[in-house]
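In what follows, a structure is listed as structure tokens, so that the remarks can point back to it.
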């Protein structure tokens, strides 16, 4: 375990606390986006807004002391950060990127094939959920937390798979969409269901599961380890429910809108073909 | 009456497709067997009830064999029960919902029986 | 290629029918009779509580009272409310989606007969040693052999048999709605009542297995000496509560969602406007249905499960208020800007709104665990659920009855009598149950056969009983209305209310095959669209042809009868005088009767599997005749 | 058409009339609306708070409801079809978000109080009482003092009482509405609950879970004494007193009591059974079997035929034949029982 | 929409060729969803009540269950599930001989499973005095595993009956859905067994 000697004071300005590296990555992402926006096709207002929010989430989750707190002191902080990175950031990001920007990369056949493989619903539903659930095994969790390389690697994997999972729900490239609206709703729902066991087992555990949090600098503690653990599980569930719920609702209402539009078409055809009423 | 040539094409197509499916079914069978053997082996020979937190303890073993059971169940569900084919949206939803409610019932009863 | 057409008439017609419309009528009549039973039980309850320290039924008043409340609750919920719902679902859902029948007509008939025999079994308990007396919730230890009489056996077996019927009924409607919609009838074009039936059927599918398990456990404890709920054997009484309420809470949403569907239909028809926010209403219905499975512990706040359990389920329950509220507002806005007509049907729907909202409000008050510590098992809860059930479900069902009576019977119920009945019911209802909130707050517990004088409960109980009598008057007026109406000629118009949905496109009552030609659906409120485009009816989606119908069969009746007999066979296994008689005792004690009954049922399944039903065809000439008659 | 509105006004008047009628009925030592302890008070606050939030909702709904009914009812001769409105996205969001916020506001004190009321006090901080529910009477054991009593629960004013609730047969529920909410008495399990009484007096308790025919009659009393009086009482009870100088009638009664298996169920002083309520301080009780006034007549009637007073109760359960007491025997027993005083303020 | 079949021409996937067939499949899948909840509640009862009963199993979990028998039962059931799948594949190939062969094997394996289970139960009841009426744990054990066994029994009877029907009527669009549904049922029963051997027997080794 890294030095617990680090006291509260060092938290607030040290490179670990502010993850300078992640800040750099974030800035790079913004620059790339801006380049595209200016040189390729403009992003719409809604997409710009979504992207801004996604980057704000990113910076808050990865670059603020939240990440540090999550690793050192508080399971609930860690859960909060994770939820932001896998449940909020990816969907805002995907909504914020216009679909025709992907065309550049899709021109390369191997990239296209890789994409298609990685976005198969069966792959995505199992990938993220399995990795995420597995992560919360005490052994896996503690090991990952104590070895920085494993830790970064696993989190990167989680990030990629989370993007895959959200891809099927939000389908930025409509032409490649594999799921009908109804299927999408089932998919979102199914994902939420699959994630429940992991959260439930954490919330209802009767002892502290993770060694990582069993001896923390008391100045960084704000809840007892058990309460902290339970709060973490609850937070994770709530944020997950919220983000999935919102996407579920928007998908549902998008479906509804499409259906009502179909209605209008058919009604127009009636009045067109049978202006005086009558039989077929 | 369909002409013979059409029918035979249909039969050939079906034969080809079903050979492919048969492979998946055998794969599911083998996987199920392997997972079952692993579960039994772990419980019979590996797990040491005396230890509390090591990888050979029940703390790891219990969730692990549960995971194996779930994986096996999923494979059987998806391949043997043809859930990977078209037109299985509602059946999938039905089983998913049923499983979810069953799981909720189990969790609540196990944790909250007032003992 | 159909065999000899076997079409019965008279009593045999009703005993062998597999026609969803007739089955709907059978459900309606049975529900009505059981509703009268439950209502009489309610009146007796209220009469006993009219004055303090009464013994209306002599020296066994306490025991009899406990039997009355148990039977009142069980009969009303399982044998009056649910079959009423199934009656309307059967009669109307296939019509609304443009289908000719449900997916499994034979199973549909079986559902009905199982329900009926279950209800009859339960009610024979009065004559065979006493009705169940452990409350409709039959909490263990009280419901085990040691602390209750033979009545609970009737409860267990009666509900088990009826529950089986309901479960397969739920599956039936789910498959019907998924697979048998008319061309063009996409999910998003289904009327709200069909959506509500769909979600309700899903709730039935997932909730009834839980009560099945609970009843099995109780049955094993009582009949076979299992130890599930015996403390000495390591059993746990809270287990019963969990499994019962895992069923019980979805059950109340099963009760209310169809009513929600009816209100949507009635309010939009009688305001001459389309439903406001259709998409949201569908989403809210599905959400309520789903969330309904995760809140059951709110019935167990005082069981001592701990603050975490209580807190989680309190929050989850509060969430359900949001989609429910959305529905209320959407209904109000449906009426907004419309031309509201006040008929008996719409009065019930309109009266529903404030009444159900009050019920929902007290529900939210109940869902706060610290407050529930005071409310639990007091008359406050009785007030809450009668507001939601009577003020919600029954108002909705009555509204649907008046609305769809012409479609089912070809006659219109008398409007004046309907309105009189409504006002008596409305005033009587509030009088009966509003005051009960106070009784609960003042410390009157539930399920008490009497109360001591001088504790402040006299006034409330007195007023409450008067209100119940007013409701009784209302029901009598309604019964007279029904009798008078049914004696009239069946000449109601196909579309008396200027309706918007498919069922109004066919004659009243609907012909045997529903649609001569399946209609082409072009949008939401399919009939309304055609009307607005100037068409007189629906455009057909297929040419006129022979219609294939399923054959009637006596087997559902026989199979249900088999289980009915098996029920008796299981219960009387050594505890009664009958078993002391030589042959009879042998038969009962060795479960011969039970086995025989089950064997009849299994044999029926065997026959059904082996003899494939070819059905029969309705020739085109007959269809033409019907069409001319109804022109 | 106007007839409808007249009858509606009548209905409108009925509701406040009923409310007014009922407010006179709440009894001081029984109603949840007149709290006598902090738990009941906080629970009442929550009840009123939630009612307030709900009333806001109700007022809004009713206002729109009546407006719509009056303004948009179909007038005579009105033709045409009103505008068909599909929906309004903004409105949907508004009436989703606002209830959410209202519920959130409601949830906060709820969660706080939910956790607060589960606090368990240790032996040094509170008086411990083990409550065991039986069909149809209540047993109260004071482990810190080492004695058991029944039917009447004596507690001191102003001190935390830590209850441990269980049952010997079916599920009961221990409820003192004026002092605080209830918890169930589950057989084979133990529930913990704390209450505190702020006023002296006699409060009524009820059983709040159907437990058989006499569930309605399973009342009990909570007698809140000044702390000193409580100490006196508990010292006396601890000493397991038995009346010393008995009148000859009472002495005969005591003999009958010991000979007639009463003692196998009931304990007086230090000896006796536990199948029935402890009768050490029986004469202090206001009620016999908690529902009849404690007079000689009633005591005699009770002993003669308990089942007629409390149907289904377990006194003499399984005794065949039912013990038959002559009138003299009953007088003696009653006299004995009436001599079982301990301490009455 | 009619139940007639034209001789000689069986469509691919005969079980979903008619509306009735599709209805049967959908209805059965939904029924399985309900059965999941049913078994879920039985599992909940079992898990909730274990550990608080005072019986031989609770006192001596590690030695009580004989894992060899359970392993054999599992293998038998697993193989029988495979054979039922092969039977349906045969049905898709319209090869009735294969249907007979594989389904008969399935039935025989099912019966052997039942035989093993009956032996096991009588062993516990007679040798180890672990009766149904002993403790709550025992009651829930027998109820859960017994219910599953009853399902296996019903399945074997059902499949046998269908094989008889196959001889009389041949493979048609009417009989095909019945066979398909029976195979689904059998798979489900095996699926439940996966959870039973994991939760009851394997986990039963720990107190």
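Order of writing sets the chain letters: A, B, C, D and E. Residues in each chain are counted from 1.
As a convention for this text, a contact is a pair of C-beta atoms (placed from the backbone, for glycine too) under 8 Å apart; a residue touches a chain by one contact, two chains touch by 3 or more.
Because the structure is a prediction, the values reported are computed rather than measured.
Touching chain A and chain C together: B. Summarising the inter-chain layout, the chain whose CA centre lies farthest from the centre of chain C is A. Ranked by how close its C-alpha mean sits to the mean of all protein C-alpha atoms, the top chain is C.
Among the remaining chains, D is positioned farthest from chain B, on the basis of C-alpha centroids. Between the CA-based centres of chain B and chain E the separation comes to 15 Å, rounded to the whole angstrom.
We define each chain's centre as the mean of its Cα atoms; on that basis chain C and chain E are separated by 33 Å.
If you average the CA atoms of chain C and of chain D, the two centres end up 34 Å from each other. Per-chain CA centroids place chain B at a distance of 52 Å from chain D. Among the residues of chain C, those touching two or more other chains are numbered 178, 205-206, 210, 235-236, 238-239, 242-243, 246, 278-280, 303-304, 306.
Touching of two or more other chains is recorded for residues 90, 94, 97-99, 101, 103-105, 108-109, 111, 113-115 of chain B.
Listed for chain A are residues 182, 260, each touching two or more other chains.
Contacts between chains, counted with the stated touch criterion, involve the pairs A-B, A-C, B-C, B-D, B-E, C-D, C-E.
Residues 182, 230, 249, 252-253, 255-257, 259-260, 262-264, 266-267, 269-271, 274, 276-280 of chain A are the ones that touch chain C when the two sit in their complex.
Listed in rising order, the residues of chain C touching chain A in the complex are 184, 186-189, 278-280, 282-283, 308, 520, 522-524, 529-530, 533-536, 539-540. Residues of chain C that touch chain B in their complex: 178, 202, 205-206, 210, 236, 238-239, 242-243, 246, 293-294, 297, 303-306, 309. Residues 4, 7, 11, 14-15, 18, 21-22, 24-27, 30-33, 40, 42-44, 46-47, 50-51, 54, 57-58, 61-62, 64-65, 68-69, 72-74, 78, 81-88, 91-92, 95-96, 99-100, 103, 106-107, 110-111, 113-118, 135, 165, 169-171, 173, 175, 177-178, 180-184, 186-189, 191-192, 204, 206-216, 219, 291, 308, 311-312 of chain D are the ones that touch chain C when the two sit in their complex.
Chain contact summary for the complex, chain D toward chain B: residues 186, 189, 191.
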